[in-house]
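Across the two complexes that follow, subunit A remains constant while its partner is subunit B and subsequently subunit C.
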Partner chain A sequence: MRFALRRCGVLVWGVSLSLALDLSVELGLEWYWGAAGLGSGLSLTAHAEEVEPPAHRVLHISSSTAETTLDPVGIQDLYSAKLASVLFEGALTYDYLASPAKLIPLLAEGMPEISDGGKTWTIHLKKNVRFAPDPAFKGKERTVQASDMAYTLYRLLDPALHSPFSFLLEGKLVGLDDLAKKAREGKQPYDYKAKIPGVEVVDASTLRLRLNAPDANFGHSLAQPNLGIIAPEVVQFYGDQMGSHPVGTGPYFVKRWMRGASMTLDRNPYYRARPWAFESGQDPASQKVIQEMKGKMIPAIPRIEIKIIPEAQSAWLAFRRGETDLIDLPSKLSPVALSRGHLKAELVKQGIQHEIAVEPEIIGNYMNLQDPMVGGMDPAHIALRRAILMSSDDEAMIRVIRKGQAVRLSYPVPPGVLGHDPKYKSMLPYDPVAANFLLDAYGFKKAADGLRRQPDGSPLVVRYWRTNEGESRDMEELAKRGMDQLHIRFEGHAVPFPDLLKAERSCQVMMRQFAWIADYPDGDDFMQLFYGPNIHANNVFCFQDAQWDRLYQETVALGPGEKRDQLYQKMARMIEMYGVMKISHARLHHELLQPKVMGFHISTIASLAEWPFLDLR
Partner chain B sequence: MESTRMESARMDSARSLSAIAWGRLRRNRVGVVSLVVVALFLLALLASACGLIAQDWDRQYALSFAPPTFMGASQQALQEESSAWAPDTGTQLDMYGLHDPLQPVLDQLRIQQAQGSGSFKGANENTPERSATLVLGADKWGRSIALKVMKGAETSVLVGIASALLATAIGTLFGAFAGYLGGWVDALIEWLYGVFTAIPYLLLVFAIAAVLQQKGVFTIILILGLTGWTGVYRLIRAEYLKHKVREYVLAAEAIGASHTRRMFVHILPNVSHVILVQLSQQVVNFIKAEVILSFLGFGVPVDVVSWGSILNETPNELILGYGWQLITCGLAMAILVTAFAMLTDALRDALDPRLK
Partner chain C sequence: MAAYLIRRLVQMVPTLLGVILLVFLLFNWVGGDPAYVLAGKFSNPDDIANIRRQLGVDQPLYIQFGIFLRQVLTFDYGLSWSTQEPVSHIFLTRLGPSIALLLPMLILETLIGVAIALAVAYVRDSWIDRALTLSTTAAMSISLLIYIIVGQYFFAFVLGWFPVQGWANHGEGWVRYAVLPILLGLAVSIAPAIRLYRTFILDEMGQDYVRTARAKGLSETRVMWVHVLRNASIPIITNVLSSLPGLLIGAFLLERFFSIPGIGREVIMAVERSDFPVIKAITVSVAIATMVFNLLADLAYQWVDPRVKLS
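For the complex of A and B:
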């Protein structure tokens, strides 16, 4: 999952636009509640408690970034994905406590039955699971059918929707890619009704999926928020406004929504009885969570209030005043709450709880291999990219910018994810002297102004892209320091996050700090980033190398194991050798909780929100 | 009493207008002090622009957030520094059977590294010891705040003066044309003035910043200059309306002076005191405006330091308990802005012929 490192948009526009847009969302729901009250008074009185829960039963949360869309296929940022994880449900999900992460059934009755050597997956869906209330259903009771799941799978590959997460299914289901290809090339609408061998609706609650090749990671695909099951009539009802009308089977539904400012989630009145029954996790922290929560229902908290607070300082002050119940402590504020990695005594005395985990993520600078200035596979430009990457001072980055709240990494697969190699040694250490040596040796000569030129004498300018917020400015300063040491002209370029993503997908970003957090706990989620055919999607490095791609295809066929680990080592070395990316660090996640919060455990899967599994004292 | 006043009045009449103004300014003690302060700042600006002082403001002199000397070193910072890892260069890298296209050059590099020759000569001695305290403290990169604020003054004062010159020039030109020519020219410029003043100031600034799409000192000067002319314009237009019917202008017309000559040779010197006062007032306004712009992130790029970009860093430092950057920068700015404002006041008193 791509994410901005604490991103904040242009507030003025976001908020004022949202005021106008989202009044309509709210009115729509209110109207619905009114109508439902007339039609089925019974169900409303039965859930009267849910409509206005007492203040002490409301969970207050802040987020530093605003949601982008709540249409599952369009989601690509972490915060939107977290929201989607409580609004929608897929066939599978992850165990809340298990580490390493473990798949468990959610809307499926049990784990998929796998036959035919791993090529056929049969999924039995739970019966009588109802969608959350919405005007699109026109007051009818609507339960989840196998055809809804088929529709959801089809929709992820709809060429008109350009899902950034289409890679979850691309090339996997027999016939589905052809369907998308036909629509793309024939310029005709994507045929949702077409029967394909890959997706077969056996009966109302059974779906049989046929894969092109055995795929050990297919279960992870089915657990992603992008494959949360939706109903076709909701899509027809809202059309291109789907992003503003999330209707799923999740434990919560959107009650009020001020786009980019705040959101109220209420317990889904139709949510099935789902007991809190997680058992894995032998460590004391998990045991405490199990004791606190065992025997309760999911979700235990009737309402969640979410506020968007882009400023870290404001978020912290809100937490200290007790206005929010949880805070993901931004690293630049960590000295306020922590001393030497532990919670300060005064906070401990107040009963503040502290959870800590290493984020399953990689953060580091990358170079665009197709860039006219620094791209190319000739030795000179490989040397240039490596020199640039070697000028980044990771130690200062962690100590000064992250305030020590990060761990040094150099492998493209982070710890806690299958395929990580703790013994791997980077070939791109911070070493400006060696970097200058490389540049001298490959003919990047200094001109009269003391700055280097390309070997052919043309200008050399490194353009560093970033989002426009505080911490990324610090990162730019650090990058600038590195370029000064190499005597290379530096240009900073700050753009809003969505614009950055767009430029990145069209291979226009020369260099930037990139971050990727695990969607599923397998190295494949990270290695696919560098796969040639994923250029213009997730391969933001625009890196294509025949040998590397061949190795990648081998790893996909192999699945997790020692053999794959050996290939990963080679692939990781190639990423460094060609100067594609220098992995620098992963942050420490410090979550602070008010004393009244129960059942919190930092979820191993970042996009799986913890909120439905919590309770308040 | 009466006689000395007469005396000085007689002396005044014997001297030129600027000499009279200078004499009056000199008698104003506050005016003289502020003039000295402003002059000192301008001197510092010149010195740092020529590279005489604050040239290595970007160098890391001290530890991150080293406190000012009088406060003593922070134990925590010292501990953190000592726990920093040393680079690991000893063991051989496993290439997993790959062939590195840069191998021949890397081999040379290893040899030089091992021998400590070539560019590696004394490479290790090059890193100077970083001190635990600095005169006025250090920022997060360990740069000296004293030097940073001096360097920042260069940018801020330069922006203030340049954009004030630009704004006053535009305002004066428009005011002269509108007030003197009247008619459709006046109507057109008044309409433009209406458009500019109808938009809230900060929104207008952001709009222009968004259109220019480029960061840099020159851009800020343009933004401030292009938005700040309206006040000057109003005043100058009124002055020209008043002056164009005065006897001396009519006399100039009678002897055949052209419109341009009447506007800029006859009237302009007579309204120049208004322009000068406006100019110095604008400098103060624009120094503050640059700070606001940079604070909001529309200002200078990362390799340029200004008071605004310094203040932009301070909110987070403050919550962590490092207040020295805010105090130093805030004080420097307060002193300059106050001195400039007082000087403006003194100038107005000295230059206005009606205030004898």
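For the complex of A and C:
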């Protein structure tokens, strides 16, 4: 009996714990439980608007991945970048509806004044733009100054922060790289107060930037969430916990946050009057959005509730139950919601809205041009690589692995990105017969075991690298099937992701499937992948060709336009000709929306959240 | 007792060192170089070298091991590599939801499991006993994943009795969110518990002291709930206490499907992100907890049965 009584005591304690937890959240005391290790809420409500919006004015969103950090310089994943895009603002941003992407001013009064042959950019910031309220400001009103933008630029290159997006400014502003280099070499601390010619604060709202060389893409750098303007005192106040305390000038601020689980964003009470005035899209879908939203203010929705739902089934059921208002449909759920690419009739009847767009990305198999087996620029090895790439069955990849939710691509610049060529025809079709003919013609003969050998009789083995994930296993199966058709010995090689990156950057990966999603919506983001000096960095193909590199340098100076497009076409052809990479496909982005959501349009900029531009019926 | 305690605590030290060494070697052997992931898409060799220096992974292995030892002793594992959140804060904030989910589950499992096991042991070989044996075997044969998928679909989506997912954080109650995951977790864990406890109780019911108690005219309730249960409680306590370290790693499938911000979900995220400080902290903590709860189980034996001598 004593035993049973003791057990009852434990149960009573357990129930008490549950009720206490329950009561605490009802009373808004979840932070205290978090501190005591019994909950995980973090309330950031110190200076928030106290008025609770009605339930029908709250937008509910889910994300399959959790945020990493909300310190702009540390962000490298898309979901965190989207969050940053509503919490912080840079000098420039993108037109919500424009495709291809179009830069527009955000915190700048107008587009930068460019002089000195493209080397000097003068930016006039809007006056009286206030940061969201935060204890770091000690109750004082804090408006954005040109010095804040200068600090933000300096901070991106701070070696101590090792920003994954430091490339946005590396080598661009006169003197900034030297400052970072000295700090990296330990010669002196990174000096935020050092005056450099590249960044000049002219007055409280004017910043003059001097570039090492004209750069047509510099505006894109200024529009990235990683350069959302921050105040130095916030960094000093929170130190290495900046990632947990996002304080910007964006339309929303963080009201509550359970890291990796949920977040409540409330309308920034200090946000300036910003009318919804996008007019770029000429297509019917954009026109519908314009009709719905014209005359409203940004942001129209007072509160956004975000939940991290990693499992596709849970996200789908939550959407169907109306617990969330938007769902980025995972490809594994497409058979449940879509029929031949269109929304199923039962969902249409319920008024569910469906938006579809091609992701700004390229996916395809590549070969390493410095690999001892398949590398080299001699005709035989070029033919070998082309034959291997021609055995890649892209349609099967789309049908089987992507469940039909991808589009065939062959150009290195995807749709929606400046420099895309929709008319480009690939010279590397899926054609095992032609590929075998090519191998025969260049001396890769079959031996007695039925497998091909190198022209000198040595073994020929294709080693396909991949990570341990399920999808990459399927990709390996498809690659093996292609090699079997070519009678080439095939080896799959699965390694952890960091090891794969390491091997790739030291030119040890013979072949693998590669994907690249736009960091900024310009063809340069994709073409730089093949640039010779980027070997051991982004040029994982280890491809170096003097002619190609010369053409690339020309395109950098030219900027978007017909002349650059012509050069891109030539460069794309060379990539195929040398058997560097076969661009295969880009995934489709399906977004489903509850009937009450207005103004949704899938932005061509993956890192730009649509939420501030929406309203609820 | 004090001597026993001290001896056991001292014995834990080499075990813990072994665990730490194993974890360290495993992460260095299979973990890969984190700098390549953290450096991002546009990194160059200089960036990678800079990150390796800051993480300390460019140091010789013995220095890295020393740092790891210090982290274990001070419970300061530094910052998460992917989120820059202090690992101790991650532990502190994610432990609550896991405990709030798993502790009621464990308590209910033990109470219900013991009660049912006593009942079926009492009527052993009857049709009730056989039906329960059959049904628990069937229940044990079904994966937790099936329980979760079907349970979430049926009880939350079709019937709408519970939310599909979520956790108490914005003013809505714990009961509202926790009941379905707890019931589903219980549905999986209760069957093996009943089978196990029934065996323990049947072993005791065949003992001479039970016959003696009945011969003395004690009621069946007293025989079963006091004499049998008391003697069967040693293996039951072992089983319950050995389950307790599991509270530290959470029920990752339940937490993932129901979007519960517990430790289990954090472990999965840390693995997906190769966030080694978090993985190391949780692995070592679970090892320590296992040793501590084993010690507590030994102490509890004496508490339950004074005939047990700790030496």
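Simple rule for what comes next: the second predicted complex is superposed on the first by the 387 of 617 C-alpha atoms of A that agree within 3 Å, B and C clash if a C-alpha of one lies under 4 Å from a C-alpha of the other, contacts with A are read in each partner's own complex, and residues count from 1 in each chain.
Quick note on the criterion: a contact is a pair of C-beta atoms (placed from the backbone, for glycine too) under 8 Å apart; a residue touches a chain by one contact, two chains touch by 3 or more.
Note that the structure is a prediction, hence the values are computed from the model and not measured.
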Practice prompt. Determine, under the contact definition given at the top, whether A:Val407 touches first (subunit B), second (subunit C), both, or neither.
Written response: neither
Item to complete: Would you sort A:Glu305 into first (subunit B), second (subunit C), both or neither based on which partner it touches?
Response: second
Worksheet item: Taking the superposition as given, does A:Gln313 touch the first partner, subunit B, the second, subunit C, both, or neither?
Response: both
Worksheet item: Taking the superposition as given, does A:Asn538 touch the first partner, subunit B, the second, subunit C, both, or neither?
Response: second
Discussion item. Touch test for A:Phe165: subunit B only (first), subunit C only (second), both, or neither?
Written reply: second
Fill in: Touched partner set for A:Ile356, first subunit B, second subunit C, both or neither
neither
Discussion item. Let me test your reading of the model: by the given contact rule, A:Gly492 touches which partner, first (subunit B), second (subunit C), both or neither?
Written reply: first
Worksheet, complete the sentence: The answer to whether subunit B or subunit C touches more of subunit A is C
Item to complete: State whether A:Met297 touches subunit B only (first), subunit C only (second), both chains, or neither.
Response: neither
Practice prompt. Using the superposition on A, tell me which residues of subunit A are in contact with subunit B and, in the other complex, with subunit C.
Written response: 313
Response to the item:
subunit B partner, complex, touching residues on subunit A are 312-313, 316, 332-333, 335-336, 379, 382-383, 386, 395-396, 399-401, 404, 408, 425, 427, 429-431, 433-434, 436-438, 440-442, 468, 470, 473-474, 476-477, 480-481, 484, 490, 492, 494, 566, 569-570, 573-574, 577
Fill in: Contacting residues of subunit C [partner subunit A, same complex]
30-48, 50-51, 54, 79, 82-86, 90-97, 99-100, 103-104, 107-108, 110-111, 114, 149, 152-153, 156-157, 160, 163-175, 178, 225-226, 229-230, 233, 256-261, 265-266, 268-269, 273-274, 304
Item to complete: Under the touch definition given earlier, write down the residues of subunit B that touch subunit A in their complex.
Response: 58, 64, 80, 84-85, 87-89, 91, 93-98, 100-102, 105, 108-109, 112-113, 118-120, 123, 140-141, 215, 297, 301-303, 315-316, 319-320
Response to the item:
The answer for subunit A against subunit C in the complex is residues 1, 3-4, 7, 10-11, 14-15, 17-18, 21-22, 25-26, 28, 30, 33-42, 66-69, 71, 74, 76, 159-160, 162-167, 184, 240-244, 256, 258-262, 264, 305, 307-311, 313-314, 317-318, 320-321, 323, 495-499, 501-502, 505, 516, 519, 536-538
